[in-house]
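Below is one structure, written out as structure tokens; the observations come after it.
Chain naming follows the written order as A, B, C and D, and within any one chain the residues start at number 1.
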Amino acid sequence: MILRPIRPDDLDQLHEMAIETGAGFTSLPDNRDFLAERIAQSCAAFEQASSEGAALYFFVLEDVEQQALAGCCAIEARVGLEAPFYSYRVGRIGHSSPRLGLHRVLQTLSLSSDHIGDAEVCSLYLRPDWRRDRLGVLLSRSRWLFMAQHRALFPERVFAEMRGVLDEHGSSPFWRHLGRHFLPLDFHEADRLTGLGEKSFIGELMPKHPICVSLLPEELQEGIGKVHHNTRPALAMLNREGLRWEGYIDLFDAGPTVESYLDDVAGVCQSRLVTVTLGETVAVSERPSTLVASTGCEAFRVIWASHAPADETLALTEEELAALGVSAGDTVRILAS
Amino acid sequence: MSWVVRPAEREDVPGILALAEHASPRLTNLPPDQRRLDQRVQASRRAFDIEQGPDAQACHMLVMADAHTGTLLGTASLRVKAGEGEAYYTYRQEQLIHASHQLDVRVEVPILALTHELSSSSLLCALALSPRLDDTQRLKAQRLLRRARLMMISQWPERFADRLTMALPGVIDDAGHSPFWNSVGKHFFGRDFQDINFQAGLESKSFIAEVMPPYPLYLSLLSDAARESLAHAHRTHHKALSDWYQEGFEDSGHVDILDGGPVLSARPSAVSVIKNGTWLPVTIAHQTTPTHRLLLAGQDLARYRCSMLDVAMSPAGQVVLTPEQASLLGVTAGVAVRAVLEDGL
Amino acid sequence: MILRPIRPDDLDQLHEMAIETGAGFTSLPDNRDFLAERIAQSCAAFEQASSEGAALYFFVLEDVEQQALAGCCAIEARVGLEAPFYSYRVGRIGHSSPRLGLHRVLQTLSLSSDHIGDAEVCSLYLRPDWRRDRLGVLLSRSRWLFMAQHRALFPERVFAEMRGVLDEHGSSPFWRHLGRHFLPLDFHEADRLTGLGEKSFIGELMPKHPICVSLLPEELQEGIGKVHHNTRPALAMLNREGLRWEGYIDLFDAGPTVESYLDDVAGVCQSRLVTVTLGETVAVSERPSTLVASTGCEAFRVIWASHAPADETLALTEEELAALGVSAGDTVRILAS
Amino acid sequence: MSWVVRPAEREDVPGILALAEHASPRLTNLPPDQRRLDQRVQASRRAFDIEQGPDAQACHMLVMADAHTGTLLGTASLRVKAGEGEAYYTYRQEQLIHASHQLDVRVEVPILALTHELSSSSLLCALALSPRLDDTQRLKAQRLLRRARLMMISQWPERFADRLTMALPGVIDDAGHSPFWNSVGKHFFGRDFQDINFQAGLESKSFIAEVMPPYPLYLSLLSDAARESLAHAHRTHHKALSDWYQEGFEDSGHVDILDGGPVLSARPSAVSVIKNGTWLPVTIAHQTTPTHRLLLAGQDLARYRCSMLDVAMSPAGQVVLTPEQASLLGVTAGVAVRAVLEDGL
């Protein structure tokens, strides 16, 4: 199993995955042209490796034996530079009057683009047949290895948007209350358009004045910053990396944005460079514990290593060397996971 | 039985207190508080006495009494400026336009915007009636108190603003809860409507408005009950609402900040009492056969008297009053009174 | 030199320090009643050690030989619970119109009370005669040792407000442009009132709608979040602890609020508990490198240790044991500085 | 030399384009763009032809021509609704009140609030004059175009709103820079005033307003030059401003969102042309000795003609026109014309 940058010839299988994920997974829509465009953007990003402008780094997890793609994930290096980017921010404002004996704190929701220019980790999907052998961890944490290795390509902060609470129809109670009065779209359509990056309607139509949270029904207030139950494991994983909810939520489902300074992310600051040595082939573990990545950009690869690292070295088997495209003596980046 | 409307005097305070205590729903601007009412009556007395025209803080407080027994049957006030030297806050109903060229749509977003633009208008307020009046009498009393105040404006237009404002109590349920308050103010103040309404009467409503969040309120976020109650009068005031419309008032597009009740306004020139009033000289006769029902008021502001009387008209176009009627109005033969023809008789 | 909680009998010397600091140091005003009240608040806080409500922990640095106070510092455990607390927050909002070819980001300043409930480190002052032997570090970092030791008494986040750019008269250009139109006070008076904690006028008078930063003169825009040149060393020290500017500024001088999760602060997470052993007296170093604190609350003391720590122990001299009020075998908290 | 005001026709487009090109300062709502002007003239022609009354998007475009030579000397428009089906945005000058009980002060904070409340008023706009007119002629031409439009409103009040609005160009320096724009709009759009003004003419100004930040602007944060220019007319329009005041218009309290220029408004009933107009029957005589100067217009909207003419009055109170004058107005003996007495003669 190898994680690598996506290639143009992955389009068919990416499209299969997009169909598999369904409508709820808006960043992977069943839209072949859109997916082809995303692949092209990603190829350009890996090739140019620029520290400025929008750049999408899209990765796939390849099952080399089965010649199949097992999943995908991506990093948007700087959001909001080409299409607008919006969230609500939960703020607080004191509200005091000694004469009325009043000393309260009002919570407000304000439309915000504070994340413009930040990196986003997104589009993570692992196909059901491969939900084993810690492949989810490989998919998710590989991105931190890439960012650690190519630190100059990324900004100071990174975030991830988490799916909020949805009802049994996959629709959002938050949106029904707060969104539909402003947007003449249903939840899925609004969600779909933002997935396609067509977001200027948000700045045009969503409320631009602060909204007092206490005016919302209580059940909605409770849903602010809460994740969908399916999303809890993903949230827990990101929390372990050090990403926290700092008060930003999604406009449509009130799901939390979790974020961190990139240098503080566990997967970045705990990763380190070691020298490759040749090791003997050992039995494959179901609980591998060391992620290892080659240091190239277009040639970036990540696998689970079968040996544990020593202080300054890591032994890789012949097969692993081939998978990563490295030789003994080369430098690789590892992360204990 | 004749009723007369006249300035409130110090000795009326106990009677006004009783009226305030019986007011339902409670009136923000007529707190049942002896000390405050005392101050108000004194200030009102000064406003009536000042010849040059009162300052902006003046509030003319009137009472309606039985002309024979002197019993207090109602009260109502007329403020020179709604803000009474402070600011008179209301929520203005507005539509924001959100237009999306991406989606090619234009959405009208209704909001309530906190504003004090009605501060400089003159305010008709604080009407309360005695519980001993029956339903027919209440309507008659409301009419007299309403028109007696408009009559004042028609006689001393220079004292008042060129916009008149009046607010009617908003919807309140039987338990005294205001759906509008529960959906808006309660979240900011954490108190019940009656508490804050009482406090607003003691302190000043402007003061309360000034600690409310200044952002526009998106109407769609209010509770259904609050939205439905918006700009609706309390059920005991539905007739009053249509009467004010008939008088020439119209919906101002504003609502009360506490209970969401309707705020009406009018230009004086559109108000029927003011448009249709005329000056008539008085003659006095002991025996008359009334032919007209007139709303009548004398020219002496400090001793303002206004009453609805059945009178005769002389061939020369004078109004023929009995000595009792003349005395009730405080007028003598030869002087002019302001008169508006009433229906009926 | 011992850092310890302030005591009622320190009032005279605290007042001397307040006179010495001058008007610019607003949290230490020349106001004996106010200072006495602060001492009383602090004594109550150390005694009650409550994890709820407002609590002021005020420390002094005592020169035991000279029987003089050398400086002071404080921690406000939870701001904004009794008096209002306000800052401006620098936010961003996207502003796009494909039809006009417009894709811009507007910066806004919004009145905010987001820090309500957070801890504040404040009131640090070291008298000129004692600006030597790393006593400034002792004063500043002792607070992290106290918070680490009594972690449950403090909230998740901590911040410090830094003095912004002032002109040669000690007045703020930012305030002159943005404040005086709203407040009928001069800068020093506004500053003084907030120093006394009398801040309800801010919520009453300061602009409640967002202010577009680009409407401010350019030199003011540049001053946002910048510190006074005298404050640069203090800012650098807090930055090293891990406190960062997250976009909040002072209403009057636009100085930055730097902040962090308390558990991420270097002085907190790098401090550790060791066992005391008796060591021999050594020559006093001018560059001590180990802060050591006793673990009590009212009995909290911090000094520079003369010995370096071993893995699990720290040798203290007889004199140091006495200063800290501990004996061999006791636990102390140390921080390499 | 007689001038006549009439509806713009297709063949007037080149002439209007020339007027638009010479307008200084450039008019937002009269873009020097052949295609747009073509569309506007056609739409205007439809508006004049519709008998039932035009829809809300109608804009009546008038031209002023030399009655003898036919030369185009000016143009001006009258929109049924200022928003022209969209929204007409202005900044409303307001005062927020910030009161501190701690400090016992009350501060009035002047702001500009983005609003579209004037959208439903009727708008007088897009006036441009030929550069060949000298200063005296310009004043006369402005007066005729102004009053010819008000005359239309007096004849067909049912077509127009009960509030009239007009905006005058704001202060612009010699280099074409608007201090208000430089202090406000430029920060949002990053473009120069002339660029956005041109684009506003091509697209729609409403569209531009809708991408402006909706927060109130604190006036104190604007540059001194912008604050000083607020609600001041461009120096070439000072006389026009006082003329509009004299006509019965007043300061609306609003200013233009792009250049901060003054926005005036009036109720039709307060406008002198509308108040003082009268219907006079026409007789025709070859020889007359003019005794009165009248602003005259016929009753046929589709062939609207308005002109200031020196005429005689018959003993029976008819207006005596020469055959040439009658033909200029498109009227025949016996019909009534709308007339307002002008000063002079």
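The rule is simple: a contact is a pair of C-beta atoms (placed from the backbone, for glycine too) under 8 Å apart; a residue touches a chain by one contact, two chains touch by 3 or more.
Note that the coordinates shown come from a computational prediction; the quantities given were computed from them, not determined experimentally.
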| remark: Taking each chain's centre as the mean of its CA atoms, the one lying farthest from the centre of chain D is chain C
| Chain pair with the higher count of C-beta pairs in contact (B-C, C-D) | C-D
| Interchain centroid distance [CA atoms averaged], chain C/chain D, Å | 62
| query | Whole-Å distance, chain B centre to chain C centre, using C-alpha means? | reply | 57
| Distance from the mean Cα position of chain D to that of chain B, given in whole angstrom | 41
| field | Distance between the centres, which are taken as Cα means, of chain C and chain A, whole angstrom | value | 36
| task | Indicate the residues of chain C shared as contacts by at least two other chains. | result | 93, 95-99, 200, 204, 208-209
| request: Note the residues in chain B that touch 2 or more other chains, in rising order. | output: 98-99, 101-102, 207, 210-211, 213-215
| message | Thinking of each chain as a vertex joined to the chains it touches, would you call that graph a line, ring, star, complete, or other? | response | complete
| Which positions of chain D touch chain A when the two form their complex? | 101-102, 210-211, 213-215
| task | Give every residue of chain C touching chain B within the complex, in rising order. | result | 97-99, 204, 208-209
| Touch list for chain C against partner chain A, complex | 80, 82, 84-86, 89, 91-98, 103, 105, 110-114, 116, 200, 203, 208, 244, 247, 261, 264
| message | Taking the touch rule as given, give the residues of chain C at its contact with chain D in the complex, in rising order. | response | 93, 95-97, 99-100, 102, 104, 106, 108, 177-178, 181-185, 198, 200-201, 204-207, 209-212, 214-216
| field | In the complex with chain A, residue positions of chain B that touch it | value | 98-103, 105, 107, 109, 111, 183-184, 187-190, 199, 203, 207-208, 211, 213, 215-218, 220-222
